[in-house]
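The structure under discussion appears below in the form of structure tokens.
Labels A, B, C and D are assigned to the chains in the order they are written; within every chain, residues are numbered from 1.
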Amino acid sequence: MIVVLHSGTSATEVQSICERIRALGCSPLTVETSDRTVIHVEQIPGPEARESLKRLRSMSVVEQVIPLGKGFERIAETAKFDVGGIAFGGNSIVLMAGPCTVESEEQLFSAAESVSKAGAQVLRGGAYKPSTSPYSFHGLGVAALEMLRDAGKQFGLKVVSEVMDPRKVTLVAEHVDILQIGARNMQNYDLLREAGRSGMPVLLKRGMSARIEEWLLAAEYVATSGSEKIILCERGIRTFETATRNTLDISAVPVVKSQCNLPVIVDPSHATGRRDLIEPASKAAIACGADGLLIEVHPNPEEALKDGAQSLSSEEFADLVPRLQAVAEAVGRKIGVPNAVR
Amino acid sequence: MIVVLHSGTSATEVQSICERIRALGCSPLTVETSDRTVIHVEQIPGPEARESLKRLRSMSVVEQVIPLGKGFERIAETAKFDVGGIAFGGNSIVLMAGPCTVESEEQLFSAAESVSKAGAQVLRGGAYKPSTSPYSFHGLGVAALEMLRDAGKQFGLKVVSEVMDPRKVTLVAEHVDILQIGARNMQNYDLLREAGRSGMPVLLKRGMSARIEEWLLAAEYVATSGSEKIILCERGIRTFETATRNTLDISAVPVVKSQCNLPVIVDPSHATGRRDLIEPASKAAIACGADGLLIEVHPNPEEALKDGAQSLSSEEFADLVPRLQAVAEAVGRKIGVPNAVR
Amino acid sequence: MIVVLHSGTSATEVQSICERIRALGCSPLTVETSDRTVIHVEQIPGPEARESLKRLRSMSVVEQVIPLGKGFERIAETAKFDVGGIAFGGNSIVLMAGPCTVESEEQLFSAAESVSKAGAQVLRGGAYKPSTSPYSFHGLGVAALEMLRDAGKQFGLKVVSEVMDPRKVTLVAEHVDILQIGARNMQNYDLLREAGRSGMPVLLKRGMSARIEEWLLAAEYVATSGSEKIILCERGIRTFETATRNTLDISAVPVVKSQCNLPVIVDPSHATGRRDLIEPASKAAIACGADGLLIEVHPNPEEALKDGAQSLSSEEFADLVPRLQAVAEAVGRKIGVPNAVR
Amino acid sequence: MIVVLHSGTSATEVQSICERIRALGCSPLTVETSDRTVIHVEQIPGPEARESLKRLRSMSVVEQVIPLGKGFERIAETAKFDVGGIAFGGNSIVLMAGPCTVESEEQLFSAAESVSKAGAQVLRGGAYKPSTSPYSFHGLGVAALEMLRDAGKQFGLKVVSEVMDPRKVTLVAEHVDILQIGARNMQNYDLLREAGRSGMPVLLKRGMSARIEEWLLAAEYVATSGSEKIILCERGIRTFETATRNTLDISAVPVVKSQCNLPVIVDPSHATGRRDLIEPASKAAIACGADGLLIEVHPNPEEALKDGAQSLSSEEFADLVPRLQAVAEAVGRKIGVPNAVR
């Protein structure tokens, strides 16, 4: 941490800042340059002190506080992990697929069967759906959770589903293998903590205007609350471009990998909002190192209750997988094989 | 609602879309232009049907669905209201001020006394603080709520404080006059609903990447859940500019007013992140029609546990108010007078 | 300038960087902290060396280069100035008004007469118009320049008009009092240099995705090329919000003023794109310290060949000025009076 | 084109709009819905009329003007092309590589030799460099152009270099095979027209805040001015994310391809600003359909006069090409082979 003072700061003021730094358990190293004093802060005892040091910029004599190093510790050390036998962050690429929203047993089981046959290892499906409008469909709730659990069992798929309310974490955790935290809730800290406390694997989507650093700090909330099995999911960020629903920040995949060990997957459906872009976006994701994909697949996207415009049909998904496999192999990896098939 | 079909759509397909429209209780009016069919959808029975119609864009023969009119009903009809005698949305401008975070009884009562004397009508102060890092200070919780209630009583101020967890809505509601929903939780729909169910006045901050339409739909969640006393708060949006913490979208004030009757206030502290910009931003807000301001004031900003760099000192706030009063008068309004003084 | 090295950088590598720093005429001051070496660069001889130092981040051992101070010198020292007797950056606020595009003598003279009577001191009007589509109207060119010159003369107004092509700077300069550089050309460096060389006053619009620092560096191009009479114009930046054409970054006004002495004006027409928002945006601009406004006024906006939706009618403009005057007075300033009237 | 009127528009006003539509050579088709009049505009004679129709939104009775179809004609019809025997937009992927800036004969020839051997077909190198600061290095100008021409000849490479000034188009065109228009000049219309008039192939970079539609309209300027050999280059857009220099909008590649036939390449150097991200970004680009890459390669990036932090060394580039080849093959394409080698 470097604290740059304005030129003209008095010796007394410098002294007073140094005392605040020492009070936080750190050591100040004062450098007199030709036009100002700069303080290097040493021996920061932990991340709490690091956060407190940033507050020095409230002082009028402080021009800048420049943090060095990372603000997270736990996720930086996290090891590779598996979820019910499916390895994340290793050589294989995990396909997660299924409908945006669980609409009926028929729809879900049809989707589950087809994605399982096509090569997906994880079934996705919304039981509780966030919607911009209060007048939209909000999901079937617990009935959908039961269907997801049953469909997963029947077709040898692990199950991921979103939880939005900290009061429902336990309920959702009883039915699924991975808890999903959606983009709108990436900074819903009570939810992050509750999800962490469950000890369940957590799929954490990037907030639509979250910087990568903020996303990783959200993951740190989950990790410090009790779960270190965190799958990060890039799903597009909000920009000025209107040709796509969001802007897929594909570089986020290698950027995250340069910072921590957590697996990163990509959701091409939400990132683009367009069925015709799912294939190129999926290939790009695999080529640049993503550990998995989260794709919306619906038996009949034209009839979908939500987000049909960004869903593949079951046939389209099955057709796509071999082409994704080819790209995976080109970068020395392979699409994983469903449990039931092994 | 206008549904534009791709050229070449067959009569059978048109027929099938018309049936879907009728199944939603609406009437399709089909227009054959020289190069394509366009369907005007009439007699939409309510906002749920309106949302369902948007799903037609999932169909491959649909090029565009163009919604006409607004997606919200309740907030469009909301009347002006008051909170404990303080009128919102009328001729007077309400100052809300106080520390970012309640740190101690001494700090809070000192701030409350000074902002009350200076002309604020509402005391702000965080008991539960959202923080990007899990290692930051997160507030004193219920102890802070009690101090807020007592300080408000003593200095004749109404109290606003943030609630982040739907499980704490009742608790916070027992201590404050206005529930605040923060920017990070603008699309935390379970929280919005719980806040609405409390029947309490709600101060709803704009999400940092929320379009105005999305913000109004978030308010519609609160309104349809039971509370129509909603105060909207513009607090800056996230852009590429780094000179300020966020970018104050000052035009949002008149844009919102052209859409609904809810009062709109501005938070110059979070919008700019810089103490020296609070004055110009506050004046701009009043000049363009804001119904109030939410300003961070701390007895000693340099010692603040959070956000000191964007807080005014008690003296600076007291100095500022008369200058804000002058701008208010120039646009035919006036800064309200604290309850205790009247 | 502070150069932070990665931990583990060898003494030889540190030595080699220090030599590069010395080769640029600067003095390195090396600080050994507990986990890394940090180099403070002293006695930077000028802005060219400052730019060259930034290149050190190309080196793999360099973690960060942190520039201190400003990258511009000339505009930081610029004094207040006037254009043909109209003072900029002082106590009075300058109104610039007129049609987006010069369409005909009748239209222009009607607009000029009305804005002059209403209180404008500068006539704006496009002779060369940038348009997103090659199929749009591009202006009347030199014929428009002549009309502008004549209308200015007749109604006692100074004239500002945009130049887009460095080959036309001389021509435009012969007809107007202030050269305008549009948002799309803010980083058209050959144009900036040519405009600067003309010695004419330059109105420099902010690029639609330019950070404030980049805008000031663009002004520095003009200043170092020969003209120090530069008027900065905030005209909205591009963000995700679609309710307005651009997002008016009102905080840019005080931010610029904290960095240099150049006058800053606001263009509420382009910033909002909506006639009904011109009034609130103009008041906000004046309240927060803008030195002038650039407003589109058309005798009949509904018939305008370009941008009618963001133009006031002559009557609307005349009605507005007294209300702007009230806000100006509330912040201790006044709207300037046209030359002809004095 | 659909013109939606506000409810309550009188028959006379509707009549008057219909007359304006007829005056533009178009046919209005009026539809009375239950709550408003909507006008479908038919038989639009050409793109100029289309642009003029958009101006109807200036009228207060008009709520929305909804353009259907595309605003460009020429680039939509453009055929695949080649530049000196190098095919663009077909099965092979073209590598363009070389230093950001030509610094010396030694540097350029070393770079040219290495990229040619490694598989590049086009040599890039800046003779005129846009720089945010007037105090940065601006390129060697005509001397650099001569070196580029000679290096290209010697190593069997075509040459691309940026032109910023319309007065220099002829000069640059005499030395290179492809004129580059940089991101900052994407809406410098005089330059676009001059480049088009040269008849030369043009590499058109996307502006840093340009929507895809605006980028294609910029290409339409070039095409209508005389050159239809246009190579579009995605180079990252400006967003709130600061981990990368820009945000690579990888979806832009397939979006453009869904709109027109022009080839699209990707510049991973500018898009990411980080040497370590060039490989994953390049692979992502190829996987999602890019027709080429523009990569900065420098014999010694740590010594580069500009942008070294985003340049590969000659060795790194040579190592990378086979891995790119693997991804190309996975999507049924191949990296092209340099002319000299064939």
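Quick notes
Operating definition for what follows: a residue touches a chain if its C-beta (ideal position, glycine included) is under 8 Å from a C-beta of that chain, and two chains touch if they have at least 3 such contacts.
Since this is a predicted model, take the numbers as computed values, not measurements.
Homomeric contact chain A/chain B: same residue numbering on both sides for over half of the interface positions.
When you average the Cα atoms of each chain and compare centres, the chain farthest from chain C turns out to be A.
Per-chain Cα centroids separate chain B from chain D by 40 Å. If you average the Cα atoms of chain C and of chain D, the two centres end up 27 Å apart. Averaged Cα coordinates give chain A a centre that lies 32 Å from the centre of chain D. Chain contacts: chain A has residues 209, 238-240, 242 touching two or more partner chains. Only residues 2, 4, 29, 31, 33-34, 36, 38, 40, 42-43, 63-64, 66, 68, 238-240, 242 of chain C touch chain A when the two sit together in their complex. If you check the complex, the residues on chain D that touch chain A are 209, 211-213, 237, 239-244, 247-255, 258, 271-272, 276-277, 280-281, 283-289, 323, 326-327, 329-331. Against chain A, the residues of chain B that register as touching in their complex are 46-48, 50-52, 55, 57-60, 71, 130-137, 164-167, 184-185, 187-191, 208-209, 214, 217, 220-221, 224, 238, 301-309, 311.
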